[in-house]
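Please read the structure below before turning to the comments.
Chain nomenclature is as follows: A, B, C and D, assigned in order of appearance, with residue numbering initiated at 1 for each chain independently.
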Amino acid sequence: MIEAGIIGGAGYTGLELLRLLLMHPHVEISVVTSRRYRGRKISDVNPHLERFTELEYEDVETREIADRCDVVFLAVPHGSAMDYVPELLHAGTRVIDLSADYRLDRAEYERVYGRRHRDPEMEKRNAVYGLTELHPEVADATLVANPGCYPTGAVLAAAPVVNSGMVSRVVFDAKSGISGAGAEPSEKSHYPNLAENIIPYEVTAHRHVAEMRKELPLPHPKVSFTPHVIPAIRGILTTAHLFLAEEVAYSHSYTELESEVEAVYEQFYSGKRFIRLIKRMPSLGAVRSTNFCDIWFKVEENGERIVVISAIDNLVKGGSGQAIQNMNLMFGLEESAGLWHPGLVP
Amino acid sequence: MIEAGIIGGAGYTGLELLRLLLMHPHVEISVVTSRRYRGRKISDVNPHLERFTELEYEDVETREIADRCDVVFLAVPHGSAMDYVPELLHAGTRVIDLSADYRLDRAEYERVYGRRHRDPEMEKRNAVYGLTELHPEVADATLVANPGCYPTGAVLAAAPVVNSGMVSRVVFDAKSGISGAGAEPSEKSHYPNLAENIIPYEVTAHRHVAEMRKELPLPHPKVSFTPHVIPAIRGILTTAHLFLAEEVAYSHSYTELESEVEAVYEQFYSGKRFIRLIKRMPSLGAVRSTNFCDIWFKVEENGERIVVISAIDNLVKGGSGQAIQNMNLMFGLEESAGLWHPGLVP
Amino acid sequence: MIEAGIIGGAGYTGLELLRLLLMHPHVEISVVTSRRYRGRKISDVNPHLERFTELEYEDVETREIADRCDVVFLAVPHGSAMDYVPELLHAGTRVIDLSADYRLDRAEYERVYGRRHRDPEMEKRNAVYGLTELHPEVADATLVANPGCYPTGAVLAAAPVVNSGMVSRVVFDAKSGISGAGAEPSEKSHYPNLAENIIPYEVTAHRHVAEMRKELPLPHPKVSFTPHVIPAIRGILTTAHLFLAEEVAYSHSYTELESEVEAVYEQFYSGKRFIRLIKRMPSLGAVRSTNFCDIWFKVEENGERIVVISAIDNLVKGGSGQAIQNMNLMFGLEESAGLWHPGLVP
Amino acid sequence: MIEAGIIGGAGYTGLELLRLLLMHPHVEISVVTSRRYRGRKISDVNPHLERFTELEYEDVETREIADRCDVVFLAVPHGSAMDYVPELLHAGTRVIDLSADYRLDRAEYERVYGRRHRDPEMEKRNAVYGLTELHPEVADATLVANPGCYPTGAVLAAAPVVNSGMVSRVVFDAKSGISGAGAEPSEKSHYPNLAENIIPYEVTAHRHVAEMRKELPLPHPKVSFTPHVIPAIRGILTTAHLFLAEEVAYSHSYTELESEVEAVYEQFYSGKRFIRLIKRMPSLGAVRSTNFCDIWFKVEENGERIVVISAIDNLVKGGSGQAIQNMNLMFGLEESAGLWHPGLVP
């Protein structure tokens, strides 16, 4: 059994790791930390975990966590993960960081997040960006930078045609359930503010666009991104408006384009267990509670735009599930271990 | 024009007073207070009021408010209203208190709300309980204790048959939109906690039961009450399970009972502008944004129970609308002035 | 492996059986019927099942189904199940009927459902009412009448204190997600009708009350029941207002009552895997996608009423999950096989 | 008083006309038609209108309707309106058509709607496109083609900068409440399908794009449009991604661009009563039940894109309210008559 630790086990990301890891056939959870709930039974704080764990929340030294774990999941805020990573790696523990701290290079990180990166060795850590469908080198990583929820849905939607060189401009218009904003009540999560509404935010400057631009090799800044919160708990539906390069749009018939786009997607995702190219419009229900990314696309009749729709569960493929998928690969397990079940429909 | 003031104009009750009074044909709003937003334009804080008022939130002495107003609405928390009432009344201003401070007698208030009542003259104020369908003496009041939202829906549902002596036990099971919990984000109003859920709370001991028992002359404690919050913004649907007194249940045929109950309701609410006895199941939509209380009832086939369903908008008939209805009567206006429009359906 | 068949595999009950049985470690699904979708791949009709089954919907003779199955789940409308049961049992196949056809005795069934029961041998079938927490004889059954969703939540909430003789009247006020109304669009499931609303229906005469009265040995008609649909997909929260018998209420102190009620529940549900007596208010989230029934109770301060709140997922413990729980017991498997995972929170 | 008729008074558009016209100070409703409900009291079918009208639904000849009305609102499906318009206009009745039948020229209509236009004189009718903020000639019209809901939100968001020549490409990503799909239950409006989801549809080919392209003078096909249905009853939030022409983007500093864009909007909408350029993010609540279009914009930091967010109530400014606004202008009334009230917040 793999001994796993969760640092930051009381937020939604930590709880989702718990929900999934408690059922994982090859994992034993050895430590879960929370300063706020230190000493309390996890299942007292979270009644849905009653009968699944007798563990208590702890607040212990990083060194001790390292000693007790083969792998540690960091489910802490951006800016905090870098305080744990050096010591954990030094002790030989593998680390999957669900924060943004190791996703970008130093300069870009400091520009985007507006803070200094305090890990002097960050470049030498060789963190692998944990979107494993694009980065199979995850399997050899000791430190994985687990992708942001929005970049996961967006990059998976657009990567095949962007990589094929067909596309000259990408506009991502994303719609997320509110669980992405965390477990703390806020103006945005206040029911009367969100119900019967949809809330655009950080419409031109959400930090996740940096990950998208890094993963999609288009000349900067041809990738635009605008996120919205919808009245839903889980899920991100991304509408990707992909504009074809002129030379592509005008040198192909509509039918040729359709076939080519289809071929590009089929080939790019061939053998990927968690990518489903589906014939019907994706829904958040079909991926709810799962690690799937469902993708659907349509070439516009005038041959100028491809609309790609992707659906993920923001807490699973967009967070904790993808982290476990990465763990599976790092430890030589079946990629889908602990992650293989149908979506919660209805 | 009636000069009206609102003390506490930034919460949902105050905002609803603003929404309605700004359109009232005989009212001019002269002062709106808020400590938090003092000095800011009301419409900057609340964009839906843009173009409807140029007023700013103020934070002024009670005496000055009295000078500038014919009537003052108190939209402050329980326990605060009693700090304003004496001075306002002393200055000759009429007061409509939307808090609980003058709804019960002193002893009951202190027992239920667990605090001392600081107005030494409270009994002499002759506050009238502002459920005007049962208390037409509102018209002569200088101080109105505007009813709680739950008692409004519950008492209106049950009063006719309770007053007729037919009923020996009442169980109110109420379902409220979350706006009743106010504008401040909280655990209960956190979207992921309320969506796809329904939250019972204070299931045996909600303070509003005291008002219900006062208004429904059944031997204590034959009135039971359990509230729930539903995933909705506005509205209270009350399911009243009324158990017939044995002598009634067994001395009438089902058809006789049905006719008698119908006659009792028709007579009790004859001429009441805001009570609609409807033939179809009430819905929160049909009363949304209105001052109506829609009522429907059915005698159980075994002749033992009457189920009465009432629907109100908790912020209108359950709060600010009822307050304005009371104001209309106190000032000799048409009862429905500023309150007469259909529900927002769909 | 147990070979299982599902008759009626395209409705919500059938889909939920599929979702759960496809992951069951000891079950292989051998046939799924649907007249409407005959010949179509199940995963084409239901994209959330993509990659989990290659089966097609079939429309075959009952006899053939019996030949191919060790157990058959009937997920057909009330009144249709009785057309399959005789032949399936005759062929030696075990049957779990999720319809109402074998839950009541003949006379009661014909009275409540307003139709003749066409199985001449219905009484001899010895159908066991599949609320296994009350009916452990499920283990020896060949025909299980799987309980209705409302009776499951209601009976589990009230049975301990009713059986203890403490209670003289029960009022169930139940709130259900709309998935209980099925996969076909209807007036009630029309989004603008249900959102921002709560819909009472069949308020005095829902057919499920017959099951409740059968399972709760109180003098008829002391069990009242009123259902509502809430704006939620899954889950039933039942508010049980239990009135103590006078001799109980007045012969105990409040503290004694509290202790006694707690003891009654603890003892009644001792060792029951899927009943959780929890200290915090139940939520539909904590049981979402699970077979648990979470129960919480509080004695009213005046010693007259106990309010019990139960929460289930209507499609799992209130339907398909309970059916699988019954199958597990009938085949000597671990009761929780294929059913053991935490609720989907948030 | 203006005598007004509604043809098609049982759908959401017709009901919204009723809700608003019943309160209009200068209108008397003289006839409301519905084949389905002919002869039934309007308020029996729609309890929210109880006490507001004693009218019955009728099913009468067009000629008679013309005789009884000064203006007729056509709230019938696309393709039906053209059967009423000729006779109504011939009789001298003014017509406001809420269908698409007179919004486009004949060729475009027949291409987009895939049906022949049966009014041989359609071109001579001189229908005015009723987006009065862009088409003040509405005041002189006898036939108004009331705009589609999506084009209203989209065109109002983009028109100022498109008309100024600053923009070379427009991507509208719109999110609508489900009431736009009408009162009939459907797969899309089925609560379990829409709740906890967001549904893209007709992602490259929604018919409303034709209106947008007509109103926004960009070289075809530089206007892209993708609609989604969100889990909400009312409202459309449009996210307009406007890409600046290269010569504009690179010849201005960011600050210059910001000022210029602001000036363009301020000037374009100067004096428009129902357009509010607001400083905070628009919400569907702030416009709920109103005829306002709230608009907010932000220039992207890299100077390439302007994101404009507009919010309307799809049934009011996106339909029946705009129709009444047009009526007001056609009859020389105050533009806001019967339409002036704050949004329903919360």
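The rule is simple: a contact is a pair of C-beta atoms (placed from the backbone, for glycine too) under 8 Å apart; a residue touches a chain by one contact, two chains touch by 3 or more.
Keep in mind it's a predicted model, so treat the numbers as computed, not measured.
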{"item": "Pair joined by more contacting C-beta pairs (A-C or B-C)", "value": "B-C"}
{"item": "Averaged-CA centre spacing for the pair subunit B and subunit A, given as whole angstrom", "value": "47"}
{"item": "Subunit A and subunit C: spacing of chain centres that average the CA atoms, whole Å", "value": "36"}
{"item": "Where subunit B and subunit C are represented by their mean Cα positions, the distance between them in whole Å", "value": "38"}
{"item": "Multi-chain contact sites of subunit C, meaning residues that touch two or more partners", "value": "12, 179, 183, 192, 195-196, 231-234, 283, 285, 288, 346"}
{"item": "Chain contact graph, described as a line, ring, star, complete graph or other shape", "value": "complete"}
{"item": "Contact footprint of subunit B on subunit D as seen in their complex", "value": "12, 15, 18-19, 22-23, 44, 46-52, 179, 183, 195-196, 233-234, 273, 276, 278-280, 282-283, 285-289, 294, 315, 341-346"}
{"item": "Residue numbers on subunit C that touch subunit B, as the complex places them", "value": "169, 171, 173, 175, 177, 192-193, 195-201, 203-205, 221, 224, 226, 228, 230-235, 237, 239, 241, 243, 281, 283-285, 288, 298-302, 304-305, 307, 309, 346"}
{"item": "Complex contacts: residues of subunit B adjacent to subunit A", "value": "12, 178-179, 183-187, 189-192, 194-196, 231-233"}
